[in-house]
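Just so it is clear, A, B and C label the chains in written order, and each chain counts residues from 1 on its own.
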Amino acid sequence: MTDPRHPSRLSSITRRAAVGAIAGGAALAAFWPRAPRSRRTIPSGRVVLRYWEKWTGPEGEAIQRVVDRYNESQDRAWVQRVPVADPMSKAMVAVGGGDPPDVLGLFSYNVAQFAEARAAMSLDEFASRPGAIDPSIYKPAVARMLSHQGRPWAGVNTCYTLALYCNRAILAGIGADPARLPRTIGELDALAERLNERDGAGKLSRVGFLPNLPSWWPYFWPIMFGGSLYDAARDRATVASDECIRAYEWIGRCAARISPAAAGAFANSYARSFHSPEDPFISGHAAMIVQGPWLANFIRHYNPSLDYAAVPVPLSPDVPDPDQPRGMLEADVLMIPRGCPHPEESFAFLSFMQSQEVQEQLAGEHCKSSPMARVSEAFMRTHANRSVAVHDAITASPRVEVLPQTRAWKPYADLLIGAFDEVWSGGDAAAIMTRVQSRAQAILDRASDLRKRREGAPA
Amino acid sequence: MKRPPFLVALPWILPWAIGFVAFLAVPIAMSLWYSFNDYSLLEPAAFVGLENYKELAGDPLFWRVTRNTLFYGLASSGLSVVMSLLIAALLETRVRGTSLVRAIVFIPVLVPAVSGAVSWLWLYNPRFGLINSALSKLGVDGPDWLGSTAWAMPSFIVMGLWVIGSSVLVYSAALRDVPRTLYESASIDGVGRLGRFRHVTLPMVSPAILFNGVMSLIWSLQLFAPPHLMTRGGPEETTYTYSMYVYNNAFIYGRMGYASALAWLQILVTLALTLIVLAVGRRFVYYRAA
Amino acid sequence: MSDERRQHGDDQRAGLGPRVGPRLGAWTSLAVIGFLYAVPLVWGFLVSLKSSAQAAAPGLGVLPRFEGEGGEPSLFSVAYWSRFFEQAAANYHGVWTSPIADFPLYLRNSLLVAVLSVLGTLVSSSIVAYGFSRLAWRGRDAVFTLVLATMMVPQAVVIAPSYLLFRELGWIGTFAPLWAPAWFSGASSVFMLRQFFLTIPRELDEAARIDGCSHVGVFVRVILPLSRPALAAVGLFQFVGSWNDFLGPLVFLNHQEQYTLQLGLANYYAQHGGTPWNLVMAFSTLVILPVLLLFLMTRRRFVEGVATQGLKE
């Protein structure tokens, strides 16, 4: 049997024995029963709820603390938090494949998609259960976000808005008044220009403000010009409206003032260092930045002496009702997938999560403002973000926007990522947004077609 | 009584036949059906006729990912043919250490896509990656490889050239099959080194080149894991590939019908390329086996 | 011209090997190629030994560095190497016991899928290959062309369609989509085994048949025992293919406790909130290691297998 070309019969045999032993070991290991680490501590006799959540790290631990509290508070169900990196896609595949978890931690923009497809259970199906949720406990925009076509579909699991964070020491350093932060786009531009700084070699070493730092919200900017991405009443994509085009033209100008390549390279060099000691704002390389409330948490950890303050994003002078702060409200939500093994227990857990006290604990640990209508004085007073009132006011503002509540939002948003980059490198905003709008409208039309057909069809 | 040969053979080939029908023919047929439907995975499908195909024609992103994918496929399979032939030829020279280099060149083929992606992500990192660290020692300020529209796709092409070990082996085998007498008689006729490569080696290994070239084109047109893991298609959609668009539509946007139409076009293109491989490769494959 | 002639004369005497000059050139090129091809993995491994701060710092430092009270410990000191191994062990232990990735469980899952696939493909593909090599029937060549054609269909093309099928079968969220198809033979395995069976002299089965063996007898007593090398190669290829599969688990598995190592690594690296590069590289090294060891132990089988068939990515 031994290959005659092989130099040594013996080594061939021992090698074969080794391979055989490894194969045997692998086979043994493959069929060795092994309980997942996460399941070993579950007390017996409980209904185990699988709760998919995207957060890991400190935010995940904060959620786990609330989950632990729930698990201790009753002896019927045991919630097992499972970190999932891509929860929306996984949820769709799992629900579509008939293998859903019990509780889904998703994003607010998923509500429309899962609601329209009836992939989640409407919470009004639990209206007669103990712990039924009254939407008036939320701030109005939060309640709006959790419902779709007049029915509630989700519970909230913290929310956030964006604000302009300013490094007051840097402002004072150039002789600007650190108490008078920009309120209009003109003021923002002028101040940003003065704050740019170059090193001896002419390389950008500090920026005043850049809208691609970070580049996570390419759809945010129309708000500053009073624009909106979507007209829900007519189901139209409106990103080619005058206001939106002006917003993206402004982004092109922001890039052009420094040069798209230099400003892009500056932002890219920080692309993976946000929320670390090298974060451009925390390390003083960006004097102003549009960010969420959690920024304060990282400031506290990495540069506690940083003197910051936040204001609502500056607005174009012609927007109506300029005294009301504007912003985009987004939230993490909890949904109960249709076909999940334990809907009653899932709802009980979801309901537990909707108390003012639990949301304040979570919002405090995630360093966000509270989604609830009533906010305790202690929450505001002890919050790690000294500007939490700004975020709270934006969240409560009648002018706050929520993301387009349509199942077509995700592909629409992905189109805007590419469009933002194109505008940044000098593309014609009107042409680009017209193209995006027509493509987005095509996707919206297909979605509404489907909806009409579904509603027209006998139940 | 002798049974007809086909019935004797049937039980033997049955596993393949069942697998072929169940795991290839049926899914492909199902996806053809769903390509005429609106289907979100989460709710029953609704028949829409040719809507999905009509939508494709007017979808700029469809054309964009098609262009990107063709560019990657042609560039990467073309370069991989040149590169692997070169390496195979070098490995045929009689110098010490060829077997070590052969192994090193082959190993990336075995490296899982995810591991390859994290390794290269790290090499390409603009701030602390090996490539830019090395460049800065030379006084060059390296670009943000995966973050710039100009460099992102070339970076993936270079990464693809890292995984050519199997075609190197096929070329090595083909090179060794070239009869030495041909070289000898060419030498006697006074043909130079390059001339011998041009007039003896290339014609002799050309079936292998064609076979391997088209195979590598088929495979590179499916590029998915590296851009999915490393750039998510950005910047400015320059690394957005066709397979990613199928995946995103099917499993993220909830548009399985549209994804099925996309997948069907991909299947047709693959089928056409496969027929080419069979036409040119069959002879080669059998010749190798003989 | 006469120079040229002399050169070729030299070549003739040295067989095919070129003269010293080009030989040095070839050696240098090969060294450079070997270096370039080794760098991504070797560097990844080196990063896995560093601290997270050093892993995310620019520079070409090959080995980990340690700040001590009395300056940096020398490379030749016991202190350096004790800290070196301490840190390396801490990184790998960190991966093995990570709270966000159940590495031992993923390993079990990967092995389960790979072992079932290897068994399945060995059993089914050898049967099918017998049908294509030892039995003469009408249409055999046409059907075999179909086998060849399916060999070339990449997974990414059929992944969305396959999801539709497995959904109907209720297999989503189970391991079945990852291993069950292997039990219905893989095209490339059939191809490799058929090519090998064809090299086994017919006289052997004729002799067995005269002794009263049926096809089953010939298959089990003659063909299979003689085909161990080919079966080993097929098994190896299937193992590597299953082990490295990313798209399949990505689409078909739902729950974290089912993740295979590939999916676990992708999830580990993409976790919400920063990537500790040294740990990602340690995870990645552990994922590559089994395949690498298998390759090093069975290099010749791999090379022969690839040369007859070509390995898909």
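Definition applied: contacts are C-beta pairs under 8 Å (C-beta built on N, C-alpha and C of every residue); 3 or more make two chains touch, one makes a residue touch a chain.
As the structure is a prediction and not an experimental result, all values here were calculated from the model.
Participant: Centre-to-centre on C-alpha atoms, which chain is most distant from chain B?
Facilitator: Centroid comparison gives A as the farthest chain from chain B.
Participant: I want to compare two interfaces, B-C and A-B. Which one has more contacting C-beta pairs?
Facilitator: Result of the comparison of B-C and A-B: B-C.
Participant: Using Cα averages as centroids, what's the distance between chain A and chain B in whole Å?
Facilitator: Spacing between the chain centres: roughly 35 Å.
Participant: Go ahead and note the Å separation of the Cα centroids belonging to chain B and chain C.
Facilitator: One centre to the other, that is 16 Å.
Participant: Do you know which chain B residues sit against two or more other chains?
Facilitator: If we look for residues of chain B contacting two or more partner chains, we find 41, 127, 251.
Participant: Tell me, which residues of chain A touch at least two other chains?
Facilitator: Where chain A meets two or more other chains at a single residue, that happens at 93, 96-97.
Participant: Among all residues of chain C, which ones touch two or more of the remaining chains?
Facilitator: Counting only residues that touch two or more other chains, chain C contributes 163, 167, 251, 266, 270.
Participant: So in the complex, which bits of chain C are touching chain A?
Facilitator: 100, 102, 104-105, 107-108, 111-112, 114-116, 163, 166-167, 170, 172-174, 228-229, 232, 251, 254-257, 266-267, 270-274, 294, 297-298
Participant: Hey, which residues of chain B end up touching chain C in the complex?
Facilitator: Result: residues 5-6, 8-9, 11-13, 15-16, 18-20, 22-24, 26-28, 30-31, 34, 41, 87, 90-98, 100-116, 118-120, 122-123, 127-128, 130, 132-134, 136-137, 162-163, 165-167, 169-170, 172-173, 180, 183-184, 187, 190, 192-193, 212, 215, 218-219, 222, 224-225, 229, 243, 246-247, 250-251, 256, 259-260, 263, 266-267, 270-271, 273-275, 277-278, 282, 285, 288-289 of chain B touch chain C.
Participant: Quick one: in the complex, what on chain A touches chain C?
Facilitator: Residues 1, 3, 15, 18-19, 22, 26-27, 29-32, 34, 36-39, 50, 54-60, 82-86, 90, 93-94, 96-99, 101, 275-276 of chain A touch chain C in their complex.
Participant: For chain B, which residues count as touching chain A in their complex?
Facilitator: 38, 40-43, 46, 48, 51, 55, 58-61, 125-127, 143-144, 147-149, 234-237, 248-249, 251-255, 258
Participant: In the complex formed with chain B, which residues of chain A make contact?
Facilitator: 88-89, 92-93, 95-97, 113-114, 117-119, 264-265, 268-269, 271-273, 407, 410-411, 414-415, 417-418, 421-422, 425, 435, 439, 442, 446, 449-450, 453-454
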